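Think of it as A, B, C and D in the order they're written, each chain with its own count starting at 1.
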Amino acid sequence: MSHNSFGHLFRLTTWGESHGPAIGGVVDGCPPGIPLEASEIQTYLDKRKPGQSRFTTQRKEPDTVEILSGVFQDQSGRQVTTGTPISLMIRNVDQRSKDYGEIARTFRPGHADFTYQQKYGIRDYRGGGRSSARETAVRVAGGAVARKILDGVTFKGGLVQIGPHKINRDRIDWGTVDDNPFFCPDPSVVDFWSTYLDGIRKDGSSIGAVVEVIAEGVPAGLGAPLYGKLDQDLASAMMSINAVKAVEIGDGMMAATLTGEENADEIRLDRDGQPVFLSNHAGGILGGISTGQPIVCRFAVKPTSSILKPRLTIDADGNETEIVTKGRHDPCVGIRAVPIGEAMMAIVLADHLLRHRGQCGPGG
Amino acid sequence: MSHNSFGHLFRLTTWGESHGPAIGGVVDGCPPGIPLEASEIQTYLDKRKPGQSRFTTQRKEPDTVEILSGVFQDQSGRQVTTGTPISLMIRNVDQRSKDYGEIARTFRPGHADFTYQQKYGIRDYRGGGRSSARETAVRVAGGAVARKILDGVTFKGGLVQIGPHKINRDRIDWGTVDDNPFFCPDPSVVDFWSTYLDGIRKDGSSIGAVVEVIAEGVPAGLGAPLYGKLDQDLASAMMSINAVKAVEIGDGMMAATLTGEENADEIRLDRDGQPVFLSNHAGGILGGISTGQPIVCRFAVKPTSSILKPRLTIDADGNETEIVTKGRHDPCVGIRAVPIGEAMMAIVLADHLLRHRGQCGPGG
Amino acid sequence: MSHNSFGHLFRLTTWGESHGPAIGGVVDGCPPGIPLEASEIQTYLDKRKPGQSRFTTQRKEPDTVEILSGVFQDQSGRQVTTGTPISLMIRNVDQRSKDYGEIARTFRPGHADFTYQQKYGIRDYRGGGRSSARETAVRVAGGAVARKILDGVTFKGGLVQIGPHKINRDRIDWGTVDDNPFFCPDPSVVDFWSTYLDGIRKDGSSIGAVVEVIAEGVPAGLGAPLYGKLDQDLASAMMSINAVKAVEIGDGMMAATLTGEENADEIRLDRDGQPVFLSNHAGGILGGISTGQPIVCRFAVKPTSSILKPRLTIDADGNETEIVTKGRHDPCVGIRAVPIGEAMMAIVLADHLLRHRGQCGPGG
Amino acid sequence: MSHNSFGHLFRLTTWGESHGPAIGGVVDGCPPGIPLEASEIQTYLDKRKPGQSRFTTQRKEPDTVEILSGVFQDQSGRQVTTGTPISLMIRNVDQRSKDYGEIARTFRPGHADFTYQQKYGIRDYRGGGRSSARETAVRVAGGAVARKILDGVTFKGGLVQIGPHKINRDRIDWGTVDDNPFFCPDPSVVDFWSTYLDGIRKDGSSIGAVVEVIAEGVPAGLGAPLYGKLDQDLASAMMSINAVKAVEIGDGMMAATLTGEENADEIRLDRDGQPVFLSNHAGGILGGISTGQPIVCRFAVKPTSSILKPRLTIDADGNETEIVTKGRHDPCVGIRAVPIGEAMMAIVLADHLLRHRGQCGPGG
């Protein structure tokens, strides 16, 4: 058991605080012989990196990852994994010096300040300490490693809703998510979203969002009854991301409104005699085990709690007060949650791939 | 790691198939000295038991639980836990003999038939085998044990939506949930729901639902960053229940539509100088740690996959066919999911209570 | 984490007390499709069963195992594992009714009475309750399942020392262990041991012993650095057996007396160009990973603590007293530890086989 | 599950190779509010550090530890733990550049070269890579943190045998262990041991040893049946240390030679009415749970496998050859295993203290 580890055979343990010297993690259980360069991990970190548009925090973090262990040159000179733990470290650079007097003693509503203090009696209040979303950089790094062992699996993710504004699913073009600052797969809404979020931002407010992540090419058979269900571990993974308040698999909450015949994903054979499903209400998972269809997961991200609007609160000395969270913040943390969601899905799938191979073997 | 265990310090391991001789589970880690009688567990099993109204399966299972280990008479003659594993067993009684010829070889859409076969190459097809919701009786039994160590914590749960029909939240009266066959907390909709579900049932169809579960009296401080978050483990617990497709904490999916100032649960002091929150958008959890407010969780249950409507499918020999699932079934499995959701929440909280006490100690 | 589970991918969770209605366990993670009949498990239970000679306790327990879940008929009609948890139960039959007045309140030296009371504040004192070696029947049952997935691996085990009397290793004939009541592989000492142990028994005393267990045919590559070492898990497994006080791998304690050149197991090639080791000081494990040589493990079992000689002790009320443990007992519990040691080694190897396959795959 | 983590509630995960940029670890689960400075950890690292006498390797490593997370200034300005993961890193400094041509391809007998290659198909051969005892520096650092939460527990450890030469137990003076280069508690043998080990060293050979570690002040009640036994976890901990081949608790292997009456640790009351044991054959553990007596553990360390004597072996290309391991090495690695054994015992006890508190609570 560990409070700061995720996964079983493929396991990520993370450490670090927002304004400490560094953050990092250990990937344990990665198979040996997998080519792995820091630059491959960097690609995904760059996607999550702050400060890439006016819609994300202006904190300047290069988020440069170092691989400290677990790789070595193979006979052909490539750097590959060795099967031993892979230690990943990212130096914190832009811990802007400031006076923490206020947030040191005052609990920001919506943040973990109050609960950390209640639980531990002490907290590193600088930038939220351990509860800061800075930790998610390590998840993205770990997810980059996970992807390397998921041959044939591809991921796509994007923002499908911001505030009350949903995309039009008929216009989805996943190829466009990197062309806009929202990772939005519906290019027709981007201008509107920009205007909308500018309004939120200038107002000193923030807004929630919904992220959708899909994995294609996942073989049938991953997952396990009853407390090792693939959807269960995805729910756990996504809900572990900062600010996430809900997780859906396949039709999600809408499944409540379906009849049995609507919900049943009927099966036919394709020309090669392989099973094909005629729909995917299940989101690629039945009985906790993958069907071979795309794994579809969505999660709701609450609005950033750091806002310029004053909120009523108390301080650690038991006085009523109010607080305004000045400084850099993301008006919509849901945006940067997209690569994080993809990373967590990759980690879950990598773990289940190894677990399945362990129990059921090569032909399992 | 285990595919069939849940929890860490308070851990439930379950076993058994729908039509095997028995189902059961082992509760490990229960503190010693807790009074525990089988009759206390039975109370909760009776609530979940099939055949209690025309809206649940007519399978007749007394669901009588036996405690096989882990309890002993204390000096005052009460039966109490001893700190050793508590083995719980429920004999299967009504495994109606029938010809399984069809479902033995044919994959029922929406069920786990296809995926179990893909994963394991074999499955106990009788009544769904391991993937049957019969296993949830053991969860309810385990949850009954968990409740015993949660002094001062109370649970309430109910069906808040059936198909497209939601309750009116202004009319919620939790005291009425046991007065109707739906565990519905809004008595004003019961008649309408009865008529609606009768229609579904007579049509040989089924329908989804949404369950809400609330725990009150949970102390602040339970949960842990970052992969031991209380909401993360609740998401895992609820998503592990058969047919669940989505989990929400607090405002859940609606959090996506909120602004930062709407979402912030402001804090004041009560007359005794204790913190009080002015709202509970967070559902009682901030940064993965309980705030002391009610823990609020909802989950969507898909419609029963066993329906009398023919559905297209294939068989294990690779032939296209169609299937009708005759026999007893719940027209809305969401109903019986209510006590299961309560049980899972109790297990999560009991586990986190012990984990918190372990790390942070009596004064932590 | 669990206090009563062992193993990761292949995991045994046990429950039950000496004089409760039954004891049992759950094997989780067993691969599917493995033929498994209760009779195969029974064979090993019969080997451990009490009352088979005058040198073991006269408690009459048939130790009949029931498989309650996890198996099903395959297409050829054989009963095979399904990949779901295998629940094993053994009814307690000979819980001789007696007056527990004395041991209920008095701590027998050498037994766990004192420590259970200190830890839990309550204990099932009947026959030692949870701390009774009766639990080891479940280990033997679990080990029987583990053996089924270890193709090509064979086990041999025996008593190599009783009290101060060691076997002569030059006369070892493993084929004779079932021909004598000691599982002794040196037939030349059997008569002497019989006379010796008769003396101990008639004297109302007891004596310690050393058990050796060997697994042959274990492939190279099982185990993992640094806290998943094969020898580490064997040490854990053997030390978890009641009354065990020491564990040795290969040369064990004698390794302290060797020089580097003596200890080095040199390597040559056989006629087929395969590596062969010229010695096996390492006991088949280097760096925590199997070499392909026989895995050799020994463990010391302390004398039975239940003896007819009075011993000084205290009672639960804080009075000084003395105690004599009347009733049935094994004069040398080491004897019946032989099949238990084999079972635990099988469980460790099965777990590591699956773990290795998970991380390193078929060609790993 | 993790291959490179140890412990449950108090958990150490380590990473790093002998000649990589750094080694390190993450301590998860440490209670909050514990004063912790790097200098306190450094004290123990200095004790283990190489190059302190002619009897340990001449590799020059300052072994300077950095705390990268998990600590923060409390209100009084002290640096204390926060309850979040503590990341510890030690830079490798003296990775002497050399030609690894020979050991890159040739398997050194007694080392893990062969088995890592068999398992993973690749290994970092520089200085043994992950299998190097360099990793044990991280254990010592983790143990230093563990000690901080073990109020009132003191540790003593020393070398009690080198090769065939044992100390005289009647002359033990634990206060002298730091006065000699062997951590030997019997000052009367130090001169002889020096001469003896000089001979081994000059001969290019190496020798085994036995380490004894004792914890005093451990409260009764730590440990758990049946697979969470305190002695089981100690056995696992010690056997996980490089080169360890045997672990003993209390009388260890000698327990095999005792009668029941000799082995029984009788109990009396002291003047304050508290239980006192008249002997400690059990090594402070009964039924897997601590008695309150000193916890006594010994382990055998095999001779260093790196020796100047040529040994027969094969290379990775399947050729027979022989090898001499030049360069720096410890003639007796048992010496430096003393602080490592103490550290591992501290980690086991800290973990069990938290586990006990979790299950059994403050008054448990």
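Please note the rule applied: a contact is a pair of C-beta atoms (placed from the backbone, for glycine too) under 8 Å apart; a residue touches a chain by one contact, two chains touch by 3 or more.
Quick caveat: nothing in here was measured; it's all calculated off a predicted structure.
Novice: If you tally the C-beta contacts for A-C and for A-B, which one comes out higher?
Specialist: A-B
Novice: Which chain has its C-alpha centroid at the greatest distance from the C-alpha centroid of chain A?
Specialist: C
Novice: Compute the distance, rounded to whole Å, between the mean C-alpha positions of chain B and chain C.
Specialist: 38
Novice: How many angstrom lie between the CA centroids of chain A and chain C, rounded to a whole number?
Specialist: 45
Novice: Using the average of all C-alpha atoms in each chain as its centre, how far is it in Å between chain A and chain B?
Specialist: Distance between chain centres: 26 Å.
Novice: If I count partner chains per residue in chain B, which residues reach a count of at least 2?
Specialist: 1-5, 8-9, 14, 29, 32, 83-84, 119-121, 130, 225, 355, 359-360, 364
Novice: If you look only at chain B, which of its residues touch chain C in the complex?
Specialist: Residues of chain B touching chain C: 1-5, 8-9, 11, 13-17, 20-24, 26, 28-29, 32-33, 66, 68-70, 72, 74, 80, 82-87, 89, 119-124, 129-130.
Novice: Can you tell me which positions in chain D touch chain C when the two form their complex?
Specialist: Residues 1-6, 8-9, 14, 107, 109-112, 114-116, 118-121, 130-131, 135, 161-164, 200, 205-210, 220-229, 231-236, 238-240, 242, 245-269, 273, 275, 278, 281-283, 285-292, 300-307, 309, 311-314, 318, 320, 334, 355-356, 359-360, 364 of chain D touch chain C in their complex.
Novice: Under the stated contact criterion, what part of chain A meets chain C in this complex?
Specialist: 1, 8-9, 29-32, 83-84, 225, 354-355, 357-362, 364
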